[in-house]
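Below is the structure I would like to discuss, written out as structure tokens.
In this document, chain identifiers A, B, C and D correspond to the written order of the chains, with residue numbering beginning at 1 in each.
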């Protein structure tokens, strides 16, 4: 299991260029964000230019990884050890983060110009940069201190971004999110405290060697699990998610749903893999909650009457798919084949969902901007006037529904196969039901949009490229399904 | 050369049909000549083909594989069929002259009727020709179906309620017949993997269930041939169809059923199973039942064409009986076959002439009435065997049966001839009663005279095998002729006896009036079953919708829990942590 | 020599067409029409090439890996090419028809875009070389037909779309489960594998039966087998070209074709018989045939009657499959094509009546034959073909099915066939009678519900000629069934390949 | 000497505990705020006592001055503007709500207690062996419970701060004040301050705009159809 996270000794040291790439990937986003705050770009082109070096840095790191295998950095500053590792998984997550964030960043100027053209909106840039940096750090971090710090930075940046819209509802939602996120990270910290006091190390690779199954590990795992579940909006701790997404700016919602909650989930699965290998009941509980999440998220989304609520609730359901995979990844006596299948399916689903959800939020944002309302009723007639936005929504929802050819489908396929092999029929049923529920709420949107009986003529025109960016993301989510072996090869490249 | 002629023979009717459609859209109504010489010529190439010789064609591309043949059976058949169609077309030219004038004057109804008739006439002809030359199942079936369904338009021609009823009866029985034929063919072909009629015949003779296949085919083809019980369409359809259509319907088309039997039933095959012989007996009995029953019922009919229809049933009954003989005593068949062909050919032309005669008696030319009615009666007299070709054909049959000592059948046939004579008398009598002067047309009576002549000299032109036509020796003449006067006398006596009594004549179509209520009940049952299905489905849908609404209501109430979860995020997190810890401990300790 | 580009390009033509159409503005009518026609024609050319290749014995295969153990495979084998040929031919006809039909209507861009996607999916279904690929295109088909079903955007259309999705998506999920179970059991299993699943028979008999039930159950929804047929009559609210394509080729045929694939190429016919599933299937198909016909009789409107007729007719294919023996197979395969041709004709005609004269109900059709002779001729051909009369293609398949039933010693199937033919006659002949033999508005009695003069001919030429063309093809396919490369010939070729490997 | 040390430690622990609980359950917000500052100062004493002088300094600056200042900013009337927040918490919670929170609190303290019992076996002999840790456990549990219990946003924020301090104390108590734990605590303190600051600003804005000091009672944000 541990090689999957890259927690072993690498055979090569990183090249000098890789150091620069690392620095670029971690620091450039912040700098780009500061530049953004100063210059307040109103077009996509400067944003593209600013994103370019970051993306290049990321790609360089991936190339180095492919050549040299696992990369590791270790610094000791005043008796405190900081460790970073760049495994195949990190590579994937880094890429998905950077590209999704770049797409979101390119979408942002047009969005802001059309909706919130006041001065305050400049703060989104540094926060976004900070968020991306923190996320990148999370994917790379290999010790608990870095992980904790990055998680906290990410959380605060996310809260800040969510508050930017300044609506009372947004403030309330943001307040709830802030409180719960802080408390969640304290639970996480408490877990770290227990681990540190028992095993005396924060380094994950060391912990892998040391950790034994005893009550203190369990309590730590439980605390971390609960705290991270809260931050990752896992059912039934997802209550804060919907209002936050509903009231935030579209690019913020996109970024948050696509990446931020995934980071907590990533840490959860990482730590539990270390602390609780071969455990039956706790992952089972998560899986059961996941099944409930699939159904519950689907139902709430199905009955929602605002577009963004629908999408946010769908996130809850989609996280359920990932939760259901927990026993397959952590359970005892899982044969190598289903384990590998579930592993691939888990990350593929995570990536596909990130892309599709970002695309979906953007498409929904476009629809909302154009119609001026966020309720589903306002969509009547959009199929004629805004076919492209709707098409993007459709393509993205193909991934969410898990219909072929999409990343969602391939991931679901892998998960299903793994579940069938391990004979977890209830989970299979939940996945199936999830597909149907997703279809139910997605097609509800289309039902409204195909309604031609309510003619509307006052649609606000969209900025150029807003649809295009979303389309690229949505199509990427589709292509990820057909070309799944490419990212998965990267995922396997680390240790096999 | 022969292939070219074949192609022309088959395509020419299509060309004719196409030309009528063309005319309908391109020629203005007042110039339109519906029964042009082109239209009349539809059957000519086929007639020519019949006299070219015997040939075989194999066309792989054709449907399931085409295999056509002009042989000792199909050639004479084609000859008399094509001849009858040609003559009937001429007759039609005269018969429809009045209607055509109406049409040209602008009567939309007449236009429509003529248009329909002239389109479907050549199509019916095409079907008839195809089924004669076809020796593979698909072509035969195609021809048969084409003929059957296209003839619907001929029957329904004048559009009166009676015509609609007749056409409906025709169509319903035709559909049943097609179904039975298809079933029989499928069974036979499936059993022995054959696609030719000969293969079917062999299968019927040898297969385990051969007798059932034979029964299906016999009944299916019997619809056309007027087997008793399935004959009801004849007396309903014939009186209402125009005379030329009745002529071909009764002369050529019902012979198609007979031809089918001759082609597919294992007639004359050695070593038939006892069941097959049993079937032969049934066929025999059915044939004679038809022969006598139709005669007894037919003489009461008012309409001369209805009488003729019963006469056709009666005649076909005799032929059916002969087919039965072929199954019961196969050895007789080889000699009987030419006689049967002659019988059929003669009957075709004679019946054609009789039907055309009905139209002549309705539009009498200014001839002396006795002469005219003598001529009208002449083909009928020939049919009874008292004259000319009829005598030859009767003798041919008797001769063959004598050879194999089938006296009982001869006796029955002779008695049946009395019925024939009675029917002919009744028919002429009715015609006399309903005669009309005027409106005659030279094509009309000319064609009739030609048909009459052709009927009387059938053996001369029918391309039968050498030496198969034997002139009856003089001493047998009495035996052949005597039924005619007896039949005439019996009718005269009957008519005189019942002159005063007011017995209403029985309706034509006899059993139809039994069948149709039953069928209506069946159809309404099917409809109500379908309705019930629909209703059942509607109820289940309504039920499902109702339960769906209830579930949705519950769901919405349940979704309030979302707000609760939002309120209690912190507490839930605590609970989750405790739960996880407990689970881990439980498992670990 | 493996021309991998061939199946890929065949698929790509319509996909490119879809993308191009979506990227064009709504107003670009001329360009869109050109793209549509160009793509349709080039697809026919490509399929013709494939037919040539297959008849020379090649099986062009295009494949790449999706994830470990699961490949995306497009393979041009005889069975697939047969279906591809049908879809591409009818696509051309339907495209022409649709261009005429939607003249001046709204949302044409969306319509043609999804129309092309729909054809892409159908082609994909035809050419997919394993179950996974099949599943991909099968689901794509579901999605791409939804916008077509709800095209008009009325409440009725939207409700129909909802019902359609409920059925098909649920079916898709069931199918997915079956496929996943199968993959878990056997790993990637190509349609081209010779031995079928028989090696698993001894140990996994129950599981194989379960998988079969799941697969066929999922496919049967699209094939509209009773009692999973509910979506089809409702989906009739779609525009006529959509109904035509849905019924004749795309959706119902996709289901039937899937069942063909499962039985012939996945399980193998011997194994299916050994499992005893074919008998069950035959019974289900027979019930569907009779039920569909019975319901059709009760319909008062033209399109629903045709829809129930479809339900009945498509099950002939399933029936043929479940008869063990080459003749049943030939019948099934040929019917796949023949029914497509005939049904598309009927729907074209129904659309023509609705467009030109506003006729929706059967009792409004009196005398329409005079007003619209060519359309009515085409309709007559289609209807007679459905009854199974020669020389129309329907006869050929009925013949082969009957022979197949007799050779499989399932005599009751013959009774079903005969009964169905009779029922078909009961519900089609009255229509024909009305068309040709009754007097109606064309004879000066009453008025058409909503008459429009759409063209110089009896209706718009774009509407008329596809119907006439498919009608002529239907006759030709029956009359000249013995020609090489006729549907029957190709079906025979496939069947021989299945039974005499 | 051990006993004297224990006395010192015990006294500190008891003080911390008492002040924490007082702070958590005082409905008078300004007083609670001052109690929180006092708690922070006591915490820095505890750090000093645990041989982490730098941490003590950080605690004074971050925990006492900055965080406390933030809370005071929320409540006090500044020269330029009046604080919109009423200084007394009137919100009521139901009994079932309270009981479940109490149960959860007990469960948490038990859970942490079990963990510590395995971590520090000598605790099993005498509960008072490590009074600071014991206090920390109770503070964490009660803080957590209070956080889940309260509706008033400011009080929840205070509960979070108390909870955070408890966590830090536990960390330092169990894992010593080795550099890594000091780093963790410093990061935690910074985050806690930033979070508190953000929270306080938010609360002020919320109260100004909406006039409510609690999140609940609003269900409009999801707009569940009823």
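Here, a residue touches a chain if its C-beta (ideal position, glycine included) is under 8 Å from a C-beta of that chain, and two chains touch if they have at least 3 such contacts.
These are the chains along with the protein names UniProt gives them: A = NADH dehydrogenase; C = Cation:proton antiporter.
These numbers come from a predicted model, not from an experiment.
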Top-ranked pair of chains - ranking by C-beta pairs in contact: A-D
Chain nearest the overall Cα centroid: C
Geometric centre distance via CA averages, subunit D-subunit A, whole Å: 31
Distance from subunit C to subunit A - Cα centre to Cα centre, in angstrom: 42
Inter-centroid spacing, subunit C versus subunit B (mean Cα positions, whole Å): 36
Chain centre separation (subunit B, subunit D; CA means) in Å: 103
Junction residues of subunit B, two or more chains touched: 556, 559, 562-563, 566-568, 570, 573-574, 577-578, 581, 585
Residues of subunit A whose C-beta touches two or more other chains: 176, 179, 183, 214-215, 219, 222, 242-243, 300, 303
Junction residues of subunit D, two or more chains touched: 111, 114, 144, 147, 156, 215, 222, 224-225
Touch relationships between chains, expressed as pairs: A-B, A-C, A-D, B-C, B-D
Subunit B contact footprint on subunit D (complex, rising order): 100-101, 104-105, 107-108, 111, 114, 144-145, 147-148, 156, 215-216, 219, 222, 224-226
Residues of subunit B that touch subunit A when the two form their complex: 555-556, 558-559, 562-563, 565-570, 572-574, 576-581, 583-589
Footprint of subunit B on subunit A - complex, ascending: 176, 179-180, 183-184, 187, 213-215, 218-219, 221-223, 225-227, 229-230, 236-240, 242-243, 276, 279-282, 285, 296, 299-300, 303
In the complex with subunit D, residue positions of subunit A that touch it: 78-81, 144-145, 148-149, 152, 156, 159-160, 163, 168-169, 171-176, 178-179, 182-183, 185-186, 189-190, 192-194, 196-198, 200, 202, 214-216, 219-220, 222, 242-243, 246-247, 300, 303-306, 309
Complex interface listing, subunit C residues touching subunit A: 22, 65-68, 70, 72, 106-107, 109-110, 132, 135-137, 139-140, 142-143, 146-147, 150, 152-155, 157-158, 161-162, 165, 169-170, 172-174, 176-177, 180-181, 183-184
